[in-house]
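Everything below concerns the one structure shown next.
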Amino acid sequence: MIRVTIFNENIHETRQPEVRAIYPEGMHGCIKKFLEKQDGLEIRTATFEEPEHGLTQEVLDNTDVLIYWSHWMQDEFSDVVAERIHQAVLKGMGLIALHSAHFSKTMKLLMGTSMTLRWRHGDRERLFITSPSHPISAGLPEFFELPIEEMYGEFFDIPKPDDVVFTGWFAGGEVFRSGCTFQRGRGKIFYFQPGHEQYPIYHDENIQKVITNAVYWCAPVRKLQTNPECTEVKAPLEG
Amino acid sequence: MIRVTIFNENIHETRQPEVRAIYPEGMHGCIKKFLEKQDGLEIRTATFEEPEHGLTQEVLDNTDVLIYWSHWMQDEFSDVVAERIHQAVLKGMGLIALHSAHFSKTMKLLMGTSMTLRWRHGDRERLFITSPSHPISAGLPEFFELPIEEMYGEFFDIPKPDDVVFTGWFAGGEVFRSGCTFQRGRGKIFYFQPGHEQYPIYHDENIQKVITNAVYWCAPVRKLQTNPECTEVKAPLEG
Amino acid sequence: MIRVTIFNENIHETRQPEVRAIYPEGMHGCIKKFLEKQDGLEIRTATFEEPEHGLTQEVLDNTDVLIYWSHWMQDEFSDVVAERIHQAVLKGMGLIALHSAHFSKTMKLLMGTSMTLRWRHGDRERLFITSPSHPISAGLPEFFELPIEEMYGEFFDIPKPDDVVFTGWFAGGEVFRSGCTFQRGRGKIFYFQPGHEQYPIYHDENIQKVITNAVYWCAPVRKLQTNPECTEVKAPLEG
Amino acid sequence: MIRVTIFNENIHETRQPEVRAIYPEGMHGCIKKFLEKQDGLEIRTATFEEPEHGLTQEVLDNTDVLIYWSHWMQDEFSDVVAERIHQAVLKGMGLIALHSAHFSKTMKLLMGTSMTLRWRHGDRERLFITSPSHPISAGLPEFFELPIEEMYGEFFDIPKPDDVVFTGWFAGGEVFRSGCTFQRGRGKIFYFQPGHEQYPIYHDENIQKVITNAVYWCAPVRKLQTNPECTEVKAPLEG
């Protein structure tokens, strides 16, 4: 059983009728719905306005994979909770950071870079698989399209990814490393660019397939119970 | 001309006679001395007890490569200065982090991991070149030895390095990724494990060769004048 | 169902009584035995003296993961079959290359490097996990020992691995990237150093765990039916 | 002094007037011309119709960096010479493989993959720097354009590159890892996609800058005199 927590700000959906029209149950509700069709997943959700954003220590201790969407409230997001997520990843929790979550406090803590990029609303994207042996690409066509999406363009200031599973082409003339994996501590991270709130990205079947694959891929191989510490070796292994 | 700044805490040397005996001019003095024999380097030093640890914004703005040794005062090191170095690296400054600097605030900010490892004083190390096409390995023998050194052992909790230039064997039974490179933003980073203050590591010719090579390798390819920001593309490149 | 084929030369076992004493059913028989305890695997074996070394096109077409041990007959191994395995990997078949198989024709074709290393019989090894989030490391202790093993030492002339899951320490003073992963085409490759025929390596529980994990990890994400070819795009995707 | 050899088939230029019109001295002549403006380079050329394609053992033994363009005669290219280049790279010679040379015998030997891709004449390309700390990107704008170029599209069946220095956007709707680095043995390799013979690509200033940077980057760190071999360690490093 993989325990999945879907965090979504849920602010656009509550404040912007045009976003609510696309996601009447919130983006988290949409993602929960398609993940519930899978075997072996136990799914809960969390939103910005819940106490501690719904991401208490207890919730994270019982989460194997955290799916994370944020945008409007990134500055207001609790430093304490951002650091808590950071530590949970280092202890083994998987993290799927969606779209504007590249600029979340947590992703900045994990990546160590500025996470800056170029952006423009109302573009059109075609995603190419550039790592066809990666499990996150399973069952997907060699390339697929999003009729409307926000452009994110290079240079994307991230550390060198372990794998660039998807590379995006934008009609407006730009490219992007749209699906990237990273290891940090015992945790696996997948960053996936699609998902601007004004477009029905998470209703797209290919996108759903990617996120579903990523959940299984991000599931922990091992989990630490406590934060790692430097260890003095008092008796050497030899002699 | 590559402008090099050598930061050394210089606390062990001032408080511990046995360390001062090895490094009467401090480790920074020792490193400065062998680097001064090279062409094209302009070298200055900075120490913990100077105002802002000698690492003012003006100093960093005029530094191409920062060599950094720290240990005793890592908790006391200014958060502001640690973040200043972090940002300088992202803008293009090279960083050579030596020995216990793996656990400095700056390295934690840049790497995003716990930076934990196993350790034990008084071991013996043999370093093997595991990336013989890397410029940092130039002119060095396939392997070389340090008759006494502190053991640092795996698992070393770092992000996957770009290159593992040196892998260390320890007589006490452990291994370590002793020389690792990383890219962060526009900056290049070399972490090099040898350098416990109680042993004459920086007097060793091979070690001097490694650090010298690393200075040239870390020199900036480009430098940003200001911190990178997300850029809205108002007029698309196409159409 | 993952279809596993275990290729073993089976020459040492038939010609050398001391090897047969350790592996009365051959190394392939030993590996088959512990894999048979797992769910979802369909296992067959192949040996050097069978026609086409037991690795006909039909066998490879029906193999998801090939485990491969070779040593004595590497020069005599059929060029045609070596190239057939090479192509099968590029089309998606997983490959687990054991011990001296680093120097097989197939591994040289896949890696493109000399695959040279240092070696010495009768050493002692300790393997450290250096990628604890990798599925191949699941369930294993942070490090484990082989009381007797052939030393393989650096520099190991391989392309930069995707992951170094295990790093080996040898009592004789050397280190080795003992467990390495690679992607080639649609196929995943795991090279694992332990397995000298004169020592009971494949009877070791940790070694069995590693190979078992690797089978699941190497299973194809997708398989091509024919060799990939360059494709002329006659009608562009855009306008 | 870096000794550069520029190999160009020089078949298109001799047989096709429209190519000769663009490159009256051959593509090798054009490349030689802009490299000659640099300091510290000693440049010679070689073409397909010379004995041994102008790439005798003596020439390769005296080459630090080989620039290589091929297309029409890739099947007819000598197997012996292809293998000779392969071995020279493993011993430390740098290799800059241009455009259709991705499908040369030498690149297939070095990479081990099918090297297949999608292609279409008469497209338009924009190249983005995706590794701004890499020396090959020095002095170049964040992105630059080629008004007409052959499209090469993903999936490009290469091993995972060490660095993707440039990523290409094509007006026809495709993306490509256009500038990739690899290490093989002691040698460094840069593959660079632009350079279809019917378009004046090597007259472009940015392209010239890239190739010039690559020459310095590919220069050997060390060179072996003979092919590497497995080494038996008769006396262990440790008692």
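Note that the chains are named A, B, C and D in the order they appear, and that numbering of residues resets to 1 at the start of each chain.
Simple rule for what comes next: a contact is a pair of C-beta atoms (placed from the backbone, for glycine too) under 8 Å apart; a residue touches a chain by one contact, two chains touch by 3 or more.
On a predicted model such as this, the values are computed, not experimentally measured, just so you know.
Shared contact partners of subunit A and subunit C, listed by label: B, D. These two copies of the sequence, subunit A and subunit D, are related by a rotation of 180 degrees on CA atoms, to the nearest 5.
At the far end from subunit D, in terms of centres built from Cα atoms, lies A.
Between subunit B and subunit C the centroid-to-centroid distance comes to 37 Å (mean Cα coordinates, whole Å).
One simple way to say how far apart two chains are is to compare their mean CA positions; for subunit A and subunit B this gives 32 Å.
Multi-chain contact residues of subunit D, defined as those touching 2 or more other chains: 126, 131-132, 153, 160, 162, 171, 173-174, 183, 185, 237-238. Those residues of subunit B that touch subunit D in the shared complex are 92, 126, 131-135, 137-138, 162, 171, 183, 185-188, 220-222, 237-238.
Of all the residues in subunit C, the ones that touch subunit B in their complex are 126, 128-132, 142-143, 153-156, 160, 163-164, 167-170, 173-175, 177.
By the touch criterion stated above, subunit D contacts subunit C in their complex at residues 86, 90, 103, 109-114, 116-120, 123, 151, 153, 157, 159-160, 162, 171-174, 182-185, 227-234, 236-238.
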